[in-house]
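Both complexes shown next keep chain A, but they swap its partner, so chain B is in the first and chain C is in the second.
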Partner chain A sequence: MKRPFYHYVTIGIVVLYLIIPLLGTFLYSFATEWNHTVLPEGLSFEWYQRLFSDSRFIDAFIRSLLISLGTTAIAVLIIVPTVCAVILYAPKLEKYIQAITVMTYAIPGIILAVGLIRSYSDFQLSKILIVMGAYFVCVIPYMYQGTRNSLRNINGAALMEAAEVLGASRWGAFRHVIVPNIIPGILVSALLSFSILFGEFVLINMIVGTRFETVQLYLFAQTSKSGHMASAIVVCYFVLMALITALIIKATSSRKTKKRAAPKKTWFKLTLPKKEAVKS
Partner chain B sequence: MKRMNWFAASFLIPFSIMVLMFLIVPILSMIYDSFQKSGTGFTFENYQTVFESDFYLQAFANSIKISLFSSLLALFAAIFATYSLTKFPQSVQDKVMNFANLTSNFAGVPLAFAFIILLGNSGLFVLLFEKMGISGMSSFNLYSMAGIILIYIYFQLPLAVMLLFPIYHGIQDQWKEAASILGASNTQFWLRIGVPVILPSLVGTFSILFANAMGAYATVYALTGSSYNMLPVRIGALVSGDVFAQPELASALALALGVILVIAMLFNEWLMRMVRRDLR
Partner chain C sequence: MSYVAIKNIRKTFNDQTVLHDIELSFEKGELVTLLGPSGCGKSTLLRILAGLTRQDSGTISLDGKDITNLKPKAREIGMVFQSYALFPNMTVLENISFGLKMKKEDSQTIKNKVARMIELTGLEGKENSYPRELSGGQQQRVALARSLVMEPKVLLLDEPLSALDAQIRKKLQQQLRTIQRELKMTMVLVTHDQEEAMAISDRIFILNQGRIAQQGTPNEIYARPANEFVAGFIGNYNVLTKEELARFIPNVANWSHSIYAIRPEAFTLKKDGKSYEITGLINQVSMLGNITRYTIQNDKMTMMIDQLHQTQSTLQENESRTFFLREEDIIPIA
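For the complex of A and B:
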């Protein structure tokens, strides 16, 4: 098929705009010295070696992992059953969950941070727990969408009814019929939630600060110190995000081929696009 | 209504507690705080301070300008790029969309840093253009409104592409064929059919982009610290204020930001009603 040239130009501009900063950072993280010349004076793994032998980075990475994984796990355990219960047994309540979803999606992290600081500054509640609570709220839209779409795809209400007619208890039907069927969809939502929380900066910076240094906070501290180290962190962070995104795409597209009747591109509706305000 | 028994209720309780504690209470207490001034009871003083101060008004103006321009430019580029994309085979479309999905992770601190490497005071592009003898670049300042708009466009672009792409699938080739059989030219088709069909989605996308930019904090904070005068930056500085924290004033600003977002949303809905005939 012959296409007019301008179709290449429009896409080219967007792709170039998106790829150049990535390439620049990537090159910079391998450059030995790059302050006066057009191309780097030399290439080396020095910055990565230093980064991975820096215990501060390793600790920050573990903290990020713990707080994002922990919150995602709690979110899955609480939000998924709630959404299932509401959709299957109390559909009248669904509009409240939708309202919460719109609210959390629309409210920028900075506003939530102000509210949280004011509400809990006088309490002895651990600051990290507050951030985790806020993270929980932040991922509600993604978990809700994923759960609702999965339930809709398998026709959850009918399955549940069939299981109960056949003598399963309500819990048993949920545990043995619904859960195994929605797990792939939930996994995608969980991965998405994890990637959003892993890159979160506003809430953790405003509420806890450097006392609980995550990768984002460590990166922020490094940007003013060593550009090369910082770019090595950015590359590592980006590689992790790329892996997670690849997993999400793989999971959603394999389901797409299994369900041939499903219209193309369902995953765009499956996943709410991430926003800067939520994720950073 | 189906039986709402202990099964559903037992899940709803922890969920409701989390939402109450980490969403409803903080927002309400922020609203309450914005009308308080160190124990003087209910007052509009904070709002008076905000709206009588040139400094805060400038923060509003800067935020709105940057959000408006970055959203419009990103939307403009995305309109053409996504349309061109529909002319390519499925495999290319998938690749570009996956790339957009991937780069949507690149926001906040890492993004600001990547742009500093490229266009900062001794950025790679600045060096490159200097060596090439192009002097125009040396006057470019990344830490200005133009620079911030450039960075914002970066995180708006993938979002715009991901939101716009599905809507072009709404325009079917059959419509074009039908229109051309009836004697419409290509321009007429777009003017009378194409644009009216996609206009509501464009408006909706624009309002999401605008809200996204209005609430963005991490990117500009990582770029300029608290020195560039934008609304989220001011809120952050007031609440975590290293020396003089003024949380009540921060609450007032945060509420004003929230109100702007709500107005943008209502405007979007009003416009939607104007352009979509099926809603009237």
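For the complex of A and C:
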């Protein structure tokens, strides 16, 4: 079927609208001077060199990584078993989990930050811990959805019963039967959670501030100093997010092919698509 | 004492009693069927036997041992689920050896037992396939092998064949029966398919609304339905009140019962001993393969009659015919 010409025009305009700022940022991060010309006057790696030799950036990057990875890991360890237990053994409690997941959307970031500071200022708690606690709550919806959907897909309750009748303990059944089958789903949720936390600015800025400078805070500081540097940071950030997105796509799509083809069960295969193709 | 004895099992879900003090028992090596319409409580009873659902009251004993409060894994009872519940992350081989691994048997024993099961269920060549690569019938056989390999004292099967198409179902029914006889395995089959129950059971328990409506061998149940429910559920019995019967057979007024059941194949076209004459207008003819089913009508009352299929069908629609019915084929029900 031939589509009318204006379809292409509309899509073209939307794509341009979306891509021009990215392209501009990308070019600006490589530009030497770009003031009076349509295209940059020259290209160089200067800004990237300066960025990666700036220990402040490296430190900020490590801090972001630590706080996001740490919170995600804690979330996986606590939320996944909780959701599994609720869905398999106490489905009546599921509505409370659902209520919690909605709550995190209902409260605006500013109010959350002020509220957290006022509630916890009396305790001698590290501000970073407070932020991590808030982050944990923020990722509950993603972890909950991912775990629940994976369990539903494999009919977890029936598999648990089958394993128990075959002589497995509850823990054994969970470890050998449930976990291997929900790992792709958990992986997606974890990556999603990680990328959301990595880009978080409001809470960390309001509660901890520049004493614990993350990539987002560093970026904010740089925007007032050098547009080139800020652009370089944004490009780096996009590259990281693109990588995570690619991983998510790979994880979800290999889950689909699993239904048809016959890959091995370990999640390493998620990173080895070629082997899979040979097998199928 | 019976091999398996279930006493006074009662179960209530949200104020609704699904099992009313069920009592049933059966012997070692028997294949018994719990037969009933959906919602009669047969699956719940099976889950209680397996230890997956807790009864409100009552006791269960197996091989002289009280297993009422034991966990599923301590009962030495196997179960094949309606959905098969095969582990999607494991191959056929891994699925079948799962239970033995959990029991920490040594690997040589596991290998031997699993190989035997694969042979018995005809799964050779599928050892390294994943469940999703198998057909429904093959998945069913993996589920069966996975339970059988544990050598349970009793194997429970929850509508194991209901998801398969008719031809494979018939074949697997026979295979199930053959395996059961070969291993002398005690099996409890839950089904809503009366033909399936008739075909493979040693004994049938018919459940209706949480109560046992009748128990007996397939023959006993088919020949002598004990009540109106069983007569209506088994075969294609004509169930008639005395008044309705009076339209076909005169002078039934002094008969003792008020409801009677007649098998549709009990009618003959030739007189045979002491028989009643049943006359009516044939108003429907349907061809069911090896039999032809006629509906005859007399004074607005209809009766179903099955005749073995003949190459030259002698009966036509809108034809008035007389059939003969032996006295003992009119079964008093209530």
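Following the convention adopted for this analysis, the second predicted complex is superposed on the first by the 257 of 280 C-alpha atoms of A that agree within 3 Å, B and C clash if a C-alpha of one lies under 4 Å from a C-alpha of the other, contacts with A are read in each partner's own complex, and residues count from 1 in each chain.
Here is the rule we use: contacts are C-beta pairs under 8 Å (C-beta built on N, C-alpha and C of every residue); 3 or more make two chains touch, one makes a residue touch a chain.
Treat the numbers as computed from the prediction; the structure is a model and nothing was measured.
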Chain B and chain C placed together on chain A: clash or fit? fit
- Task: Kindly classify A:99 by the partners it touches after superposition: chain B alone (first), chain C alone (second), both, or neither?
- Result: neither
Practice item. Could you look at A:16 and tell me whether it touches chain B, chain C, both or neither (first, second, both, neither)? Key: neither
Note to self: Applying the document's definition of touch, where does A:113 land relative to chain B and chain C: first, second, both, or neither?
What the structure shows: first
Quiz item: When the two structures are overlaid on chain A, which partner does A:90 contact: first (chain B), second (chain C), both, or neither?
Solution: first
Max touched-residue count on chain A (chain B vs chain C) belongs to chain B
Subject >> Which superposed partner A:180 touches (first chain B, second chain C, both, neither) >> reply: second
Touched partner set for A:62, first chain B, second chain C, both or neither: neither
So in the superposed three-chain picture, is A:6 touching just chain B, just chain C, both, or none of them (first/second/both/neither)? first
- Message: On the A-aligned overlay, A:243 touches which partner chain: chain B = first, chain C = second, or both, or neither?
- Response: neither
Between chain B and chain C, whom does A:43 touch in the aligned arrangement: first, second, both, or neither? neither
Smallest Cα to Cα distance in angstrom from chain B to chain C after superposition equals 8
Chain A contact set shared between chain B and chain C covers 265
Contacts from chain A onto chain B in the complex sit at residues 1, 3, 6-8, 10-11, 13-15, 17-22, 24-25, 28, 34-38, 78-79, 81-82, 84-86, 88-90, 92-93, 100, 103-104, 106-119, 121, 130, 133-134, 136-137, 140, 170-171, 174, 195, 199, 201-202, 205-206, 209, 216, 219-220, 223, 227, 230-231, 234, 237-238, 241-242, 245, 249, 264-265, 268-269, 273-277, 279-280
Within the complex, chain A is touched by chain C residues 50-52, 71-73, 77-79, 81, 83, 85-90, 98-99, 102-103, 129-130, 132-133, 146-147, 150
Listed in rising order, chain A residues that touch chain C in their complex are 154-155, 158-159, 161-169, 172, 176-177, 180-181, 258-260, 262, 265
Chain B residues touching chain A in their complex are 1-5, 7-8, 11-12, 14-15, 18-19, 21-23, 25-27, 29-30, 33, 77-78, 80-81, 83-85, 87-89, 96-118, 122, 124, 127-128, 131, 153-155, 157-159, 161-163, 165-166, 169, 208, 211-219, 222, 232, 235-236, 239-240, 247, 250-251, 254, 257-258, 261, 265
